[in-house]
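As written, the chain order gives the labels A, B, C and D, with residue 1 at the start of each chain.
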């Protein structure tokens, strides 16, 4: 059986990546690609790499989208604009994966704190599941509404949950380095090539919105965490460096076992071996174009300080890849369906 | 049925790409990965993106390789070193795709002219087929020895054969821009990052070795062709700009038809539409990581001058991708088996 | 004596570069920096590299600018908007270097042909001098109105004038590769980092506006010239590759002498020696941040075909550097004043 | 009066940068450029940007170098090879700036700890001055032997000394991001363009050799400091992010005054203003090609945590620039002589 999908925000960066994945998905077919601005234009006029993929399919507008019967809708629309679309689809009985930040937080209070205005429909926050299949696979299978993940949040949560759930994180300082695709498809001064090229722009010194998701999913206290963001010269990719003060002294073997157990049966989570040293700490380059999250770590000789490094492709595991992974579960498919593409290395 | 493959030069750039492709190939399995220098090392110690792909498989040496029974051998070894390996495999009845330049030219005289020394086994040149399935699909199916292609040659031949076989090329000036992966995995002064970064290094003013293949496959006179090479700031990719003086005045519609007919039933050849103009002339960025060759053109208003632009990923369509495509045909498989991965865009 | 300068368009890319140069100029001082949009903002809020250079100087608006008494005005404003400013300054007896395209062409007919509308004040075209000191040093010294140069045009003219004035160019095909700073400081889809990064975008197949300047300055027939533009992954830099069919057979020594004679006493023109071969053909990387134009060539063995390659920093020799060089002459200063900075290599 | 200089290691990355600076230095002239490997070759054959700078000067070997009478010798030779050269020059009464790590540490015990073997001439460690003029200007003026600085160390020390000398640093976590030029001119696998391009390679998790200099100059306890190194996609540049736990609660104004006082009369140290926020935290891009060190900071709302960011051009302020600055003082010249070049921005 083939399921039909609608993609909203299909002319954007994350929406385009959902299209790219579904172009080869064996069981999900793109029924409509929604873009108000590009209505009636061919998809390849925006996404040249999709030239021969969707025939004469053109972007459609909101009204037309709702006329199409689909099994699942991917919403890659700006934060704050997803809620009304979600409501309509749920009413029709259509499953939704919302890549925006609108239903990622469980608490309406947290939403208001981090996004600066009250949530328009707090009931959705209660019914929605945070869309990281590695943590919430079972709930996702049974849900009609699943959030996408913040790309930086996904990178951090996947690298840290084995430690966090053991209560090992006493204090943590997170550095995240991100590529230019994270900011989406709309040109800005910050993304203007002469200024963005070769940049090392520290744009958040102590915290970033995605921290809300990290605190929620890892059950950490805000005071114990800082998060610094740096924009770097890559297009795709996010890399977390987490400097951790552990709550007790540990040995490398114990950490190793923790991660191995946590990552077992998680098809997209990879652990870098301790040796050779130069491959122990992963970089986005190693996973570009794939749905993998690669994690490595080093324990300080004092047994209390630790560096964890995780790398993902922000458009894949950090957005569209994880969204399709969640949709696979929601539709009763195998989690890895359509997501087994290899990284392109070197690139 | 699953076929078994040996890959020689598996720690190199093209050999690594064959590994990457075969990691997901439904019908060909890597039986041995040969690397003299890395003998006994795990594959992921060299190729970090292949970490979870080949289990505990280690590189092996030449002797061990010949002990393995395989159906097909991919040789991604330095020019001049393939012939003796080819001879051994053919003797054993094993099919060979030789990615080196050793059997690309049909004429021993041409080989000596372009490679500077007599060919050690000219009979091989006669029996080998030039491994571009788009031009020699039928011969490849029936052959036990198929060459790989020069990456720049493949880019040019695929972009130009529709014109060449109509005798339309009176004079042609080819510009090829290439990424750093073309030069292989061994560090040199030219590939040292501080010097290679942001380079626009014109390293061949009028001709390049791959011209030999272009002349052979397009039946052009050497005097009518120049080929200028520039190393540019990309890792993967080759782009041909061909400025052509046509032998007769033509109209755009005629050229359009020529290409459409020539590219029909060629699953990896894509033609860029004439509109919108900004997508008419392809760049490597649009095909990165895929086996596609994308071609666009513009006709000068005088009807006699023409610009043809073709873009490929040099490690895929310019090397490993085309090699696997040829091996599919040699093994009786569908040409596209294992090669339908999407481009990663933007990257 | 210190001269006072006004810079219009000072928040832009070329205007910012004039500021950068004048920050160290021994004889010219910035009196006002004009920017309508950034009026009242400190200069370093736009140009972080100029943080300690201009104290508390803020951008000013048009009215304020005209109140300042200055000796020379640099206009780095959008094409089509310079004429009225020029008229006012000339009336006041202020010398003007206009970096826009408004007074580069001598013929009003040519202007209309290449810029698509009649020139608003053709008399200015007659009185203005094309601001390339290497060709028009004497006229510039005596003029009150000097144009800037198109960056691509300057690169081509400086590399080709020794051949052109001997009538040696029978036919010529020009490739120009340009960095992202050429398009100015305003973000666009084409300059959005995810799309611009690693690009090889062919955006003009046969001609570019700057061709008008090239034809004018080199006295070439339009039919004998094509000009192809490619946007590449650099920020600063323009590189010309000119494939020439010579009007007669020549020997390398003759060409060598031609260039040596032509470049003698031209402090910013450098000729690459014929050996070693790998340094013969220059790239922008070798001149970044300096006012140099570096030229190399290779003669085909047939003595009739020739490749000339010239590299400049488009913001320096292609815009602000040449403008300051012209202003030096207009003010009676030494041509090289303030312009002797070394290239930054490697970068 | 013009002083004469010898440059050892002149074909390398730091030695080449000393050449680049001295090419425009008003009072120091290059008398000999030493390179064993490139003996007798013209300087521009290695450094294409120096083509017209040193006429027919060729690299010379060690013996020839010692025959030249010079006032000062810059040693940009590999670690461990400078001592014997220093000894000879000091014997002749020639002043020496040693850019290698051989005389940076005052304690022979520290040297052995960080460099793994006993120092061959500990007396030199006692007589040498650590060559950071911002901290040791007076001693440098009176010394005949001055060390160069570790590029990462210089970046950190300059950004942190105002806090350190007030005893404000209780605990500190340093992140340093470096460009590819730091590793010198010799190709390696790590600097091979396909692998180095777009990298985010964490190559030291907790400490780096340059930490020895930081501890020495800032009088910090090793236990209170970690230092993580990441190789990033730039050629020139080093950037420090220092996450500090302060020993007492402070207010932003106090920190601001501390830095202002410390940086007063330091011509190459720049402080980024607190507003606008996006320019508060500097990046190497803002100082490329100049001798500037730019520092900005943000205080956490808790008044105890702080982020300090400093950016330099590693070849300038991190190596050759600082060395020439020290030599100016040793020769009785103005500290800024030959070092006032502007940053090239954007690049």
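Heads up, the rule we're going with is that a contact is a pair of C-beta atoms (placed from the backbone, for glycine too) under 8 Å apart; a residue touches a chain by one contact, two chains touch by 3 or more.
Chain by chain, the UniProt names read as follows: A, B, C, D = N-acetyl-gamma-glutamyl-phosphate reductase.
Everything numeric in this text was worked out from a predicted model, so none of it was measured.
Q: Applying the touch definition from the top, give me the chains sitting in contact with each of chain C and chain D.
A: A, B
Q: Can you name the chain that lies farthest from chain C, using the mean of each chain's Cα atoms as its centre?
A: Result for the farthest chain: A.
Q: Report the inter-chain centroid distance for chain B and chain D in whole angstrom, where each centroid is the mean of the CA atoms.
A: Result: the chain centres lie 45 Å from each other.
Q: Just give me the whole-number Å value for how far the CA centre of chain A lies from that of chain B.
A: Comparing mean C-alpha positions, chain B is 35 Å from chain A.
Q: When the C-alpha atoms of chain B and chain C are each averaged to a single point, how far apart are the two points in Å?
A: The separation of the two C-alpha centroids amounts to 40 Å.
Q: Out of chain C, which residues touch more than one other chain, so two or more?
A: 181, 194, 197-198, 235, 346-347
Q: Please output the residues of chain C touching chain B within their complex, sorted ascending.
A: 173, 175, 177, 190, 194-195, 197-203, 205-206, 226, 228, 230, 232-234, 237, 239, 241, 243, 278, 281, 283-285, 298, 300, 305, 307, 309, 311, 346-347
Q: Can you tell me which positions in chain B touch chain A when the two form their complex?
A: Going by the criterion above, the answer is residues 20-21, 23-24, 44-45, 47-49, 51-53, 181, 235-236, 270, 272, 276, 279, 282, 286-290, 294, 340-347.
Q: Which residues of chain C touch chain A once you look at their complex with the stated criterion?
A: The touching residues are 13, 179-181, 185-189, 191-194, 196-198, 235.
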